[in-house]
Amino acid sequence: MRMKFPIVALALEIITIILFAVFVVYDDGKGHGHGHDPAHTSTVMYFPHIGLNLSMFQDVHVMIFIGFGFLMTFLKRYGFSSVGVNLLLAAFGLQWGLLMQGLWHLEDGKIKVNILKIINADFSTATVLISFGAVLGKTSPVQLLIMTIMEITIFSINEHLVANVLEANDVGASMIIHAFGAYFGLAVARVLYRPGLKNGHDNDGSVYHSDLFAMIGTVFLWMFWPSFNSAIAEPGFTQLTAVINTYLSLAACVLSAYAISSLVEHRGKLDMVHIQNATLAGGVAVGTCADMNIGPFGAMLIGLVAGIVSTLGFKYLTPILASKLGIQDTCGVHNLHGMPGILGGLAGIVAVALGKKKGGDAAMQAAALASSLGFALVGGVVTGLIMKLPFWGQPPDQNCYDDSIYWEVPEEEEEHEESLAHADHSKNKAEV
Amino acid sequence: MRMKFPIVALALEIITIILFAVFVVYDDGKGHGHGHDPAHTSTVMYFPHIGLNLSMFQDVHVMIFIGFGFLMTFLKRYGFSSVGVNLLLAAFGLQWGLLMQGLWHLEDGKIKVNILKIINADFSTATVLISFGAVLGKTSPVQLLIMTIMEITIFSINEHLVANVLEANDVGASMIIHAFGAYFGLAVARVLYRPGLKNGHDNDGSVYHSDLFAMIGTVFLWMFWPSFNSAIAEPGFTQLTAVINTYLSLAACVLSAYAISSLVEHRGKLDMVHIQNATLAGGVAVGTCADMNIGPFGAMLIGLVAGIVSTLGFKYLTPILASKLGIQDTCGVHNLHGMPGILGGLAGIVAVALGKKKGGDAAMQAAALASSLGFALVGGVVTGLIMKLPFWGQPPDQNCYDDSIYWEVPEEEEEHEESLAHADHSKNKAEV
Amino acid sequence: MRMKFPIVALALEIITIILFAVFVVYDDGKGHGHGHDPAHTSTVMYFPHIGLNLSMFQDVHVMIFIGFGFLMTFLKRYGFSSVGVNLLLAAFGLQWGLLMQGLWHLEDGKIKVNILKIINADFSTATVLISFGAVLGKTSPVQLLIMTIMEITIFSINEHLVANVLEANDVGASMIIHAFGAYFGLAVARVLYRPGLKNGHDNDGSVYHSDLFAMIGTVFLWMFWPSFNSAIAEPGFTQLTAVINTYLSLAACVLSAYAISSLVEHRGKLDMVHIQNATLAGGVAVGTCADMNIGPFGAMLIGLVAGIVSTLGFKYLTPILASKLGIQDTCGVHNLHGMPGILGGLAGIVAVALGKKKGGDAAMQAAALASSLGFALVGGVVTGLIMKLPFWGQPPDQNCYDDSIYWEVPEEEEEHEESLAHADHSKNKAEV
């Protein structure tokens, strides 16, 4: 680890900068054909929605860095890695995503970067952060950087296929981000299966404060999801529809997630794992048809069902996946992104079939869902096999879910207890 | 609890979805008469302030879900409920608020939902979250869902009366949200008075980290209050005035809250309860006249006074309310929302009387304040009586302020201490 | 302390309100000469970028209050002061900054406050919050209020000189905020040198959760830096360039900060201090040339170098500054703001010399950097000498880095330990 990680990280960044030097320029707005004077440097501001684009960009940015980062801090001793490695992967991923997505849309051999491009670059990192949730606590930073390169590259191919070849609708990316990221991550987790964790791990759980940190992530994701699902929608009525559908789907989802959590838990109590995750399933599931004319109640129905499916998944399906299929899904991304993502894809097929989207084609929607799942599973297996190579510093079982293998962890709290124990003339070193 | 909560939550959501199916459609902008082609689906984007509306919506959203949610996490063992039940109530409340507010403004028998409507729906939940602060730690989720239905329904009647019948000004809602929410909550708290908590409760206090979590709520509320007070203001100079007045009132309020906190506390120390709450009183108190021409220094004077009143209230009035009037106000909403809300209403009367608002009428302002207080107190008492019915799962005194009655709480920290104690050959079970 | 702090705080606020009453009015947009009807109160909304301005204002606001506030909560027992005193200083500073900056731009003897003015007022507080980081844990609130007045006054002179006399470019304020704030703070820290802290202090360190709280600050600063560096840029292409350059510089900086942190630490581990701070250096260093045509890869190169310089500074330079030069820099602002700020200034000189900014003058850029450093060092020494006067309640060495000298700190956690110790028949009072 000593030299591998710094070399890989620096090398990747330097290669990326060279690629940017060759391929990436600012978008001067001249190619957009809006009829403004192309020499006018203020052109872009004349678009009425530039303020909106920038504010939505910042909202999406918060979801990627605070939302995903803190959502994973629920583990008691893995908060540094959750929020810190999230930052690392997303910071690299957005650069890589800008390149990979841009290669499909070269103008004069250049990638012209603008606000919509950086929103899309942020989006591409979301796939990696979702997959990160599946393998959280069991992978090294170097392995995860490799996953980032592979996953964003494959994502960009599938995205191009879905958006430009199949011309399918997926404005909030239920299929191409959520389902894709989840099944990619689950495939990786399957390949990296650890029999040694079959009976759990002491650090694979939360403490009171770590659950509260995770709620910071949950609530920021929940709040800004309307921006996520509408950021690249067609400006105007369509975009506002995406905001409203997402707002309502998430609200309905909260009620069903709370209800089912209480229903299935011991003595009707609520389970923080469900609240932190299943309340967000409505945002995932409404993604594909967020900008369609499904009616406010249609969005709410989707959210209601997503909250139920997701909570039941956490309760009943995750343990089975681990014990029967060897898929150890740390954050339960199958329940938050996988099943709700498929639900979103199916809802999109139905909505398009019912004529809720002008020009939509239900068969292409179905093909888009199949493509996303196919690329995810095959790509995830291949990526998992590469990550499994023995020289990437994968942590041994006993060091899983523990920051101290990759981070300098402050000794204070434990020292404090030690000195307390010391005051009691007890030297039990196992404690500290 | 086992079955009651899931049934109530699911039933409410399903009823709400049915009501949405009957009443709620997207606002296609055709009814706004701005002279654009009504068939043009992008109509709404042509309003120059749509980007502004969406960014203010997201700011208000953050205040409701992060601001109120984390502000209440100051209690040492009630963080899950604070941020979690806040999410539940607000998610249901915004749906219910959209219906209740919309019923007064039907177009062709339909509620046409747009960005301003969802901002207002978020606003309606603020009343409930304020009242939640008064009864925090002493009520069950089912009781609180009932309070949500009742309070938002009554709020919508009063809001309609104030805005459309009296035509009073209350752009930042000092009267119709803050004073209303506070006195409604205090009335409920009075009805639910618990003699058993007269001498305090072990869990009714903070620990170091819980106070820091609460500061996340405080600071997000503080920062985005300019958006709260200006979100529904008339676009242009009036709206910018509301931003600036709120910005300055809050800044002045911080200084007076800190000064008075230090002045009244033991050896000049600052008290976190004051800092977490009284620094926000300037945002409440400037609400009614935020969009009036009161001058920047006028806004600062209001903030200065609000900070003083609020801090003194926490120090001297809250204990008296509890001991003499039987009003146990967990978060001190009387000091943050009650008195500053009335101060805001009074400032509005004076400002209108001095001609600071074109077309304003001081008598109508006074009537609006009286109406808000009247609806709050009567509505709160009625709601409290319903909540007091014995089958809603109200927690017994000894389980107050404790997440573990409604949540699965991780055992780790306590186990850790237990094993520490164990290592010292001490079996004092009271500790763990 | 008992009376000094409340009197100083209240007196400052009252004086400020009086100055506002004399000097400050709302900007009605009439003086901007955009050719609209000057009587039209909605004038300002007709600017196409008003929504953008307000959303960027809120982003900057988050950086000032959440970003800086939580970044400093890394200390184990100084979180109340970090986030609380940050709020106090920024709330006062923005008022003072509005006055000091406005005095250079009077119209008809008045300061006309608008959104750009309040963004600039927020900016002026950033200098103080940076300097606060250098003296964190070793100064009283009264001392810090004095520093706020002095620093913002001097900052405003230098800013006027740089922007209006030298007409230098510093859109993201690498020189006039970051380098200025850092060297001002370091000069103050030098004057306030404490030999008694030469060998460290028990409380001068983090615990696990305090490091996570600090990451909230880090990530919010990181995310909203594009708004910081572009908020006052020329609307249009130039402003978008500033967003994109900052976005990319920060992303590249993360990779180099992580790589170097791992490289220089024991067994290749990552150090939270580096991650919390050095990942932000790219935002600082790209500030001066954020709106210049340096190319996306140019921005990334700046970020890459900044991350390296900053991390190495934390590892090797900070200990030397403390031991050899008597500069005890609590938060390492020299590494986050000082060196990257100078790097930004130098990059600006080079970029202007290479013609990357129309109308720029490299000599003026160099003069601006020199002026910023000169004002900072001289101003900091003078301010430090005033702060050193013995009647401002500076804490004794043993109470440094400890909230309990200025705050009521909840006793619960310690009581808990005490009772635990008690159960073990140990009365070691040093523990509690």
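Chains here go by letter, A, B and C, matching the order in which they are written, and residues are numbered from 1 within each.
The rule is simple: contacts are C-beta pairs under 8 Å (C-beta built on N, C-alpha and C of every residue); 3 or more make two chains touch, one makes a residue touch a chain.
These numbers come from a predicted model, not from an experiment.
Participant: On C-alpha atoms alone, could you tell me the rotation angle mapping subunit B onto subunit C? Nearest 5 degrees is fine.
Facilitator: 120
Participant: Are the interface residues of subunit A and subunit C largely the same numbers on each copy, more than half shared, or largely different?
Facilitator: Mostly different residues.
Participant: Could you tell me the distance, in whole angstrom, between the mean C-alpha positions of subunit A and subunit C?
Facilitator: From the centre of subunit A to the centre of subunit C is 31 Å.
Participant: Residues of subunit B that touch two or more other chains: which are they?
Facilitator: 48, 50-52, 55, 209, 216, 420, 424 - these are the residues of subunit B that touch more than one other chain.
Participant: Which of the residues in subunit C come into contact with subunit B in the complex?
Facilitator: Of all residues in subunit C, those touching subunit B are 1-7, 9-10, 12-14, 16-18, 20-21, 24-29, 41-46, 48, 50-52, 54-55, 57-58, 61-62, 65-66, 69-70, 73, 77, 79-80, 83-84, 87-88, 91-92, 94-95, 113-115, 118, 141, 209, 213, 216, 406-410, 412-413, 419-420, 423-424.
Participant: State the interface residues of subunit A toward subunit B in the complex, per the touch definition above.
Facilitator: Interface residues on the subunit A side: 48-52, 55-56, 59, 76, 205-209, 211-212, 215-216, 219-220, 222-224, 226-227, 234-241, 243-244, 247-248, 250-252, 254-256, 258-260, 262-263, 265-272, 275, 279, 293, 295-297, 300-301, 304, 417, 420-421, 424, 426, 428, 430-431.
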